[in-house]
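In the two complexes that follow, chain A is the common piece, with chain B as its partner first and chain C second.
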Partner chain A sequence: MIMGRKLEDMHPVREEFVRPCNGGSETWWLIGCALLTLTICSLSIGVRKANVQSQSLHSWQLNAFRDLRAEERGTYSALYTAAIEIDDTHQNGDGEWLEVSDMEQDFVPPFVHDAAWRRQGKLVWQRKLLPAGTLDMALYLGEPQQKEISGSFLLVMQHSHGNGSGHAAPSTHPSHEIWYSPSPHPRLPASYTDQALITSGWKEVVPLRGRDEIMRTKGENVS
Partner chain B sequence: MTVPTNAMGPAIHFERVGLQLGGNCILSNVDFSVEPGTIHCIIGPNGGGKSSLVRCLLGQMPHTGTIRIGWGTGNVIGYVPQSLDFDRTLPMTVKDFMAMICQNRPAFCGLGRKYGPIVEHALKMVGMEGKRQRPFGALSGGERQRVLLAQGLIPKPDLLVLDEPGTGLDKAGASIMRDLLADLKERGVTILMIHHDLAEVRDMADSVTCINRNLVFSGEPEVELTPEKILNVFSPAGGTC
Partner chain C sequence: MIRIYLLAMVLLCMLVSPAGADSGKRLRIGITLHPYYSFVVNIVGDRAEVVPLIGEGFNPHNYRPQPADIKRCMTLDVLVVNGIGHDEFATEILRAANMEGRIPVIQSNKDVSLIPVSGTLDGKKIVNPHTFVSVTASIQQIYTISKELQKLDPDNAQEYRENTRKYVRKLRRMKAEYMQRVADLPGLDFRCATIHGGYDYLLQEFGLQVTAVIEPGHGLKPSASQLAKTIEKIRKLGVEVVFTEMNFPDKYVDTIHAETGVRIRHLSHLTSGAYTADSFEKGIRANLKALVDALIEAYQLRQGEAS
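Coming up: the complex of A and B.
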């Protein structure tokens, strides 16, 4: 192509070398991004102030998992579940609180006399209703026949019609509480406010949730 | 005609170009030059590495060796791909497609005022001006090929690279393309084209290069395209690395 050559000679030729695309720069960009991400992450981990909020129990409270014996923990867990059932029946039924004998017949632990019941100190349960005209409350008192195995439990069911006044716990008040006394024949106070129970030697049993347990194992201790 | 007499496309020099992909040797020791302002055809068997060589030129492959482009008056490359991975159900008209190719802004924003006449002109050059509102996915193979060709003309290229543009074109389409390429050549555009129709190559190419992993031959069609050589290349025994 003589013509073409001539043309090429007449013009200033800018020469360009086609660069092979071998992804070299992409590799470096990728490594760079990965390192940057790692750096940012490790920095922010270090900088982040762990939100230490130790849920401290009051002197009149017990940790359900740490402060109870194994048998008592069993009773407590059963009671915790039964309380939900009792509350449910009360709200959906005609306002009656379940009888101990009914629950015994319906195989509801810890009221049913099964193997676990025998292992856990054979608690004798009784229901106490508060006199009419006062708060809509029911108490379930369980006293052990074997005092070397278990203490006494008191399930306080309260239907929150209004404000649950006279309670020491500042947080939102649950519709039921579980109290514990080491005595096999504990004293029951005249009124069932937290304060009255506390002065009678009862302690409220507080469960730990999964989150609490995570915090405990991480060293953010729940005292 | 308003052909600027001083316009001239680039020369291209392939020097010991090799290409390995995934441990396979695709090209090795390819050496040839493309003269400025000519129509240069690349032929060779399927899988011979023609498309790969073109993509090396476009800087899309990790080739070895040297590819030099000696630019003339401009440095615009137009590229007409062999095929397009394209979802046929995509609701996109020919005009949308052109808008997507020519502009930096998203195609759904429509075709910019500035580009309207340019796209119009390009579609007219390939005889597709009446079908700009057709769904791109519904075009026939030949029609799609024409639109791809039109797309390669925007902006006005100094080097036009075409990968088997004749595939799927009917007689009318082939003749439109031939005229178009002849016109571009007259304007000084360098045209590098992969082609499989040897009769066409003999007809319009200024020079021809045969690639089958290695360079098989390169030169003027009248000299190189002898029956023996062609038989040799397109028979089963391929080249070696």
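Coming up: the complex of A and C.
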């Protein structure tokens, strides 16, 4: 009592609820943010994977990177580069398709009989020309002498001579395709359309090219 | 008389000046890695100027762009890149120079058939970006670069086409020299390991595969447990030779040698030294020689063991 008055009357007690400052809500906010980040990342990875999976193959195609044996992949890579040279000579030369013997003498793999050729199944190559209307075709068939190491390869070179106006007429069909058969003596169809080759047991070999890898890793379309 | 003399001089100048100079300025072609300098110089000859995007003596794997690179990039008409590894700095430089989309970029590997890194510890198929450490995959790139340059510089297209053929033939003959040296070796079961996955394209030229790769990723040092696994794999698979990088001594290669007794030989990654027209030929020749020597040595050792 102070001068007849109670202390409570002089200073009335006021009750107020004060939350403890222990960072409890911040923890929940942090966990929420982490979960949100994880969800966004997971969705982004999922979308990215979907792009990669979009490069799916047909049942009549093989992926050189994934489906061929190392020895066969060596033959395929060499044949793929040789096709560029065969095409270049055909377009910019006198319109001839290179002979197997010419490429052998010029050390062009897989036609040259070198150490790689011996290790990759000793394929015997032959060229077949098929002038058919406006489409000029050359086939290079390679059959293995060691069937336990490699199957057979068929390089189909084609060139449109639309309107008979020279070698460089535009065509929607690729200038070359490479086909594979596990048989050492594969059956060759009467005509060399995609359907005829598929029916005869051949499968088209599709490479994983640099442009595919750039699309997969950077999402850029290379022309 | 003076008029006739001046006219004759003008006509003489027109006759001796190169065709490219007549049709305007020479292309300034940027390149990112050493092999591409050699490829492009051999394609264009003196009809265009070839400019390395970064200076000599830098490691392209961890290169950080410098202000001088950005300035240099702004003077280019076209840029030639590997595009699938090793020259990521090119994108950064193009962006920093505000040249992205303003000059054509030739993706040398766009049509190369890629192969996986073989001999990885986990057996996963990872894309191998070292297409320039070989002859055949390089030839494919030389054709791609040449075709694109022919489109960009049609006045000199014929010259580029002829130069390309000559250069490709020269490279192929060089490879044939070394293939000839191993022509008489019977089918040898040659087992080798490499320090990184950079030599698959080169070994593929000989029909060989890498048995084991030591680095878990390009430029990553193996941990103690990974090294132990590699040593076990080398012993188990009977690896005879480890190809390591020239001028890059690594302690763990010595450890592998001490533990297994495997022979150590050197190959080059071809991305160092001076930018010269023949640096690719010299580098790849040294690699072909190292590989052929190792094959002959392995054969002779087998012969010695057998007798």
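One rule holds for everything that comes next: the second predicted complex is superposed on the first by the 140 of 223 C-alpha atoms of A that agree within 3 Å, B and C clash if a C-alpha of one lies under 4 Å from a C-alpha of the other, contacts with A are read in each partner's own complex, and residues count from 1 in each chain.
We adopt the following convention: a residue touches a chain if its C-beta (ideal position, glycine included) is under 8 Å from a C-beta of that chain, and two chains touch if they have at least 3 such contacts.
The structure presented is a predicted model; accordingly, all values stated were derived computationally and were not measured.
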Touched partner set for A:106, first chain B, second chain C, both or neither: second
Greater chain A contact set [chain C / chain B]: C
Touched partner set for A:18, first chain B, second chain C, both or neither: first
Which of chain B and chain C A:85 touches, first, second, both or neither: second
Partner chain(s) touched by A:190 [first = chain B, second = chain C, both, neither]: neither
Chain A - residues contacting chain B, complex: 1, 3-5, 7-8, 11, 13-23
Chain C-facing residues of chain A, complex: 64-66, 70-71, 73-74, 76-78, 80-81, 84-85, 88, 92, 106-109, 112, 114-120, 207-211, 213-214, 217, 222
Of all residues in chain C, those that touch chain A in their complex: 83-84, 107-116, 118, 125, 127, 131, 136-137, 139-140, 143, 161, 165, 168-169, 172-173, 175-176, 179, 182-183, 185, 187, 204-209
Chain A contact footprint on chain B (complex, rising order): 6, 8, 11, 35-38, 56-64, 66-73, 75, 188, 206-207
